[in-house]
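So that you can tell them apart, the chains are marked A, B and C in the order they are listed, and the count of residues begins at 1 in each.
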Amino acid sequence: MTPLLEIQNLHASVEEMSILKGVDLTVHIGETHAVMGPNGSGKSTLAAILAGREDYDVTGGSVFYQGEDLLEMDVDERAREGVFLAFQYPVELPGVSMMNFLKQAVNSVREHRGQEPLNAASLLRLARRNAELIHLDPSLKKRSVNEGFSGGEKKRNEIFQLAMLEPTLAILDETDSGLDIDALRSVADGVNALRTPDRSFVVITHYQRLLDYIIPDFVHVMVDGRIVKSGGKELALALEERGYEWIREETSAVPA
Amino acid sequence: MTPSADITRFVTAFEHREAARNGSHFWLGDLRREAMRQFTTLGFPTRKTEAWKYTNIASTLRRTLATDVSVVSVDNARAAPIPGLDAHVIVFDNGRYRAALSHIQDLPDGVLVTGLAEAAQSHAWLLRRYFGRVADYETCPFVALNTAFTEDSAVVYVPANTVLERPVHLVHRISSGQDALVQPRVLVIAEDNARLTLIQTSVTTSAIPTFTNAVTEIFVGRDAHLERIDIQDEPDGASVVSSLDVTQDTGSTFHNSSFTLGGSIVRNNINVLTDAEHCQTFLNGLFLAEGASHVDNHTLIDHAKPQCYSSEYYKGILDDRATGVFNGKVLVRQDAQQINAYQSNKSIVLADTARMYAKPELEIYADDVKCSHGATTGQLDDEAIFYLRARGLTEKQARSLMLVSFARDVTERVTIAPLREVLDALITEHLGA
Amino acid sequence: MFMNTDTQYLHKVAESDYEHGWVADLAADTLPKGLNEDVIRLISSKKQDPDWMLEWRLRAFRHWRTLADDADKYPRWAHLQYPEIDFQNISYYSAPNSKPKYESLDEVDPELLRTFESLGIPLQEQKLLAGVAVDAVIDSVSVTTTFKEELGKLGIIFCSFTEAVEKHPDLVRKYMGSVVPHTDNFYAALNAAVFSDGSFCYIPPGVRCPMELSTYFRINEAGTGQFERTLIVADEGSYVSYLEGCTAPRRDENQLHAAVVEIVAAKNAEVKYSTIQNWYPGDREGIGGVYNFVTKRGICAGDGSKISWTQLETGSAITWKYPSVILKGNHSVGEFYSVAFTKGRQQADTGTKMIHLGSNTSSTIISKGISAGRSNNSYRGLVRVNKKAKNARNFSQCDSMLLGDRCGAHTFPYLEINNPTAQVEHEATTSKVGEDQIFYCNQRGISEQDAIKLIVSGFCQEILAQLPMEFAVEARKLLAIELEGSVG
């Protein structure tokens, strides 16, 4: 079976500085993968490149999504094809109402899938259902996108949009950063509710604690631009106990 | 503008003076004549001139304004350096260099701190390259008039890769037994990667009204760093038009703080051209005006090239019948992308009869920019005064404390500690604390 | 959407001037070019002015002459560039034109038709707007009449200026020129001398006008719009919301427009004036566009009164316009909300003046400028607090957005504070659409074009929210269409 996402020997740099130095990662449909690593290891760069941010130069390797060359697609094309990035720092859009934003986003994705656009009433119904699912304060839907939202509200809003857009591949970029334990739990509940056999997740995180709530099928450890160790969920626990230094020491002995 | 009666006497005085030179080929004769020609074309501004909308200079210009002012001896105590400040002091009386009163210490190789005559002998090439090149005599009539009547000038030159550790302190003393027009002139060059701090203070000791038309031109070379502090503490009766023109080269920093603490009419024109990339410009200002004072700060930051940063921070306190004007313009030219420019003007008006006119302007022709300005005018915060009184301060103490703190925001931006102290003391004195 | 009778608009469609009759021996519908006293007399006689009206026009004309003869008096200070206007090369009167310009829609500029299409304007109206002959005029006469009856019951007068001169001379004489005297500026003087018609509105004490009053559909008055004059008087404790303009781009033969709008608000009265301005901006090079030089001013004459200006400016080659409020009554309130969008070679110099005279007066200015193409967009505003205006408050915010690197966005505020109890705050920013904002939208499947539209309309949201509901819907659509083709 063709994997949903296949990253092979991916190299990338920003302003001549090499960040990714040969990443390999394969994600099949329905799987949840956690990518862990210390600060500066290249985790967020990987997320940014998958979403299509142009600040990075891909200098080698390939990324195939549903058998197609992902790197050839525009940002909005990837989104319409079902790649969703939950931002580490969601962007504020002053004056742009949540519902207007969702209407354009949802209907452009639906149009691409050959579905009828949702009318205002159905959209509102869907929004209400999803808001409940991830415990989003309903009043936030009446505000401008992310404007004046607290850190936790912004992160929850990302998961809310994930629910609305129904992607095939969802990448969560440090969704746990800056959240207290209650907010973390409710964001994780939302994600778990959205885990289905036809959707895959790549969860990028620095800490193990998010993985207490979103239990991954696979854990990958990224150090210095490479995935140096992969395993099951128990790998995350080992990391929590022994720290990244342990991995560094263990892998530096092995030639890259 | 057509030549009017206002300007003919200056033309006459100029011709008289040029004739007296009797064909002696003073090197800047051509420049003077060209400046005079420009001046006669430009004429003086009126209230209809947009840039002079709020400042009426006409009554000053109608006065006798003798252009031939002899150097009179002034109480030399006033030439005293700033307490606690180790600086090279250079003194000018009515715009003329006074070597005997100046105190210039050992200078690094190549550095020049002197008057025009000496500079013309040893550094004629330097003057030819820079003199009158930055100061805009083509569009500003006051600069043109000053240029046409140039007799002397302070010349400060710091060659490439040279750091002048001690500040240069220029003391301008104005004293005249008659109603006079005094036109001091300053030329400052900091070449590539040079570093200089320049303090300009002006003191008028005449009992009779005077009109000072000062011009300072500054060239800041590549990666050079220049800080200038200007303190105007003029008495009533003294009118001042002070023009500062600055050109910055790539990667340079120009940091200006201007303090206006007195004077009948004070108009400061500051024009900074960042004609190269990666320049940083800081213009700070504080003006205190009381009695019938009129203080007008008119600034232009002209961003002609990309990737520059500028910050402008002006504060004013107005009491009695005083008038304050702030006109600050940020111009971002086409293709000057990635400019960050910030401007702030805050004023406190203390008396019913005091007035404040603010005109912050943004003129932007490039799209990838971040520019903002803010202007506020208000009174002292009653709540804050009440709070201080509840803590045991008298109303007078509370008000002074608030005003001094308001002003300190600007003095704190001066990097020389002894000067900050002097300024704080001067300001506290002026605010009657 | 335009002629939906459910809406609360009052369309002054059928207010044609024919009923007032024309001087029979003047066969020509359009006066020859040029301006002198005889022309003023001719206009006046065509309008069947009473003597006092003629005198008023002549006084204004004589003043205008002194301005026109003095090169220094010709207005030049705005941040605009255009060739000097030859005032002797303009015809100052053109009778309402009953003759169609075109025989069929096929002759009309296809660009214009595409715009109509996207605005969802019915075919008949498209023809009207474009100046094409129509067989059946939409049944709006009866609509007008119905509304007129309802308004009449409340004592509200809403009619053409000409009708007001004839039927309500006392009101007109009392208020005309009281807010914008003919001596105010060059174009106010010109308008006072030659104005052809306009609207008059009077709301009696304590009456709340039950519908939005609108003049935006006066198509068959084309040709009289050039020197329009509007006078709105809101008596004590009354309220009215007035709409001006049309979302459809109106093709127009007149290059120079110099209208005057005067508003008087008595004690506790409130007037809300909303404008959508979408005159012909000229072709891509700016040729043939309208010069829109308007003087709009209201006076909060009584205590506790309020005047609010809201505008969406997208049209005209050149716009020169500063809707102002004189805050004379104590505790009076002035507001100015503006979106100005320029593209192509358009130039706009617009803003407001808030003149604080009474005590405890307050004013708010929110201005959003968007520049695209090779256009120039300036905010110019004055906040003046006079000596006796105790406790005046002003807050101004002027934000500019640049779409493209060949346009200009400028902010020229003037703050004149003559009373120490004033609190005046001004803020301005200039920026472009954030790359991170576009990326965020892209990542949600929204294309770059749509993302820019979304972000720009968000930028204007604060202002558009001030417009009456149906008008706001039109405004949003208009803005989206204007953005189309000017970004990306």
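In this section, contacts are C-beta pairs under 8 Å (C-beta built on N, C-alpha and C of every residue); 3 or more make two chains touch, one makes a residue touch a chain.
Source: prediction; values computed, not measured.
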Nearest chain to the global Cα centroid?
-> C
Which chain pair is joined by more contacting C-beta pairs, A-C or B-C?
-> B-C
Return the distance between the CA-based centres of chain A and chain B, expressed in whole Å.
-> 56
So what's the Cα centroid distance for chain B and chain C, whole Å?
-> 45
Mind checking the centre-to-centre distance between chain A and chain C? Centres are C-alpha means, answer in whole Å.
-> 50
Within chain B, the set of residues that touch 2 or more other chains is none
In the complex of these two chains, what residues of chain B are touching chain C?
-> 48, 50, 334-335, 337, 347, 349-379
Once bound in the complex, which stretches of chain A touch chain C?
-> 51-53, 74-76, 78-80, 84-85, 87, 90-97, 100-101, 104-105, 108-109, 112, 144, 161, 165
Using the touch definition up top, name the residues of chain C that touch chain B in the complex.
-> 72, 77, 79, 387, 400, 402-432
Interfacial residue positions of chain C with respect to chain A in the complex | 434, 436-437, 439-448, 450, 454-455, 457-462
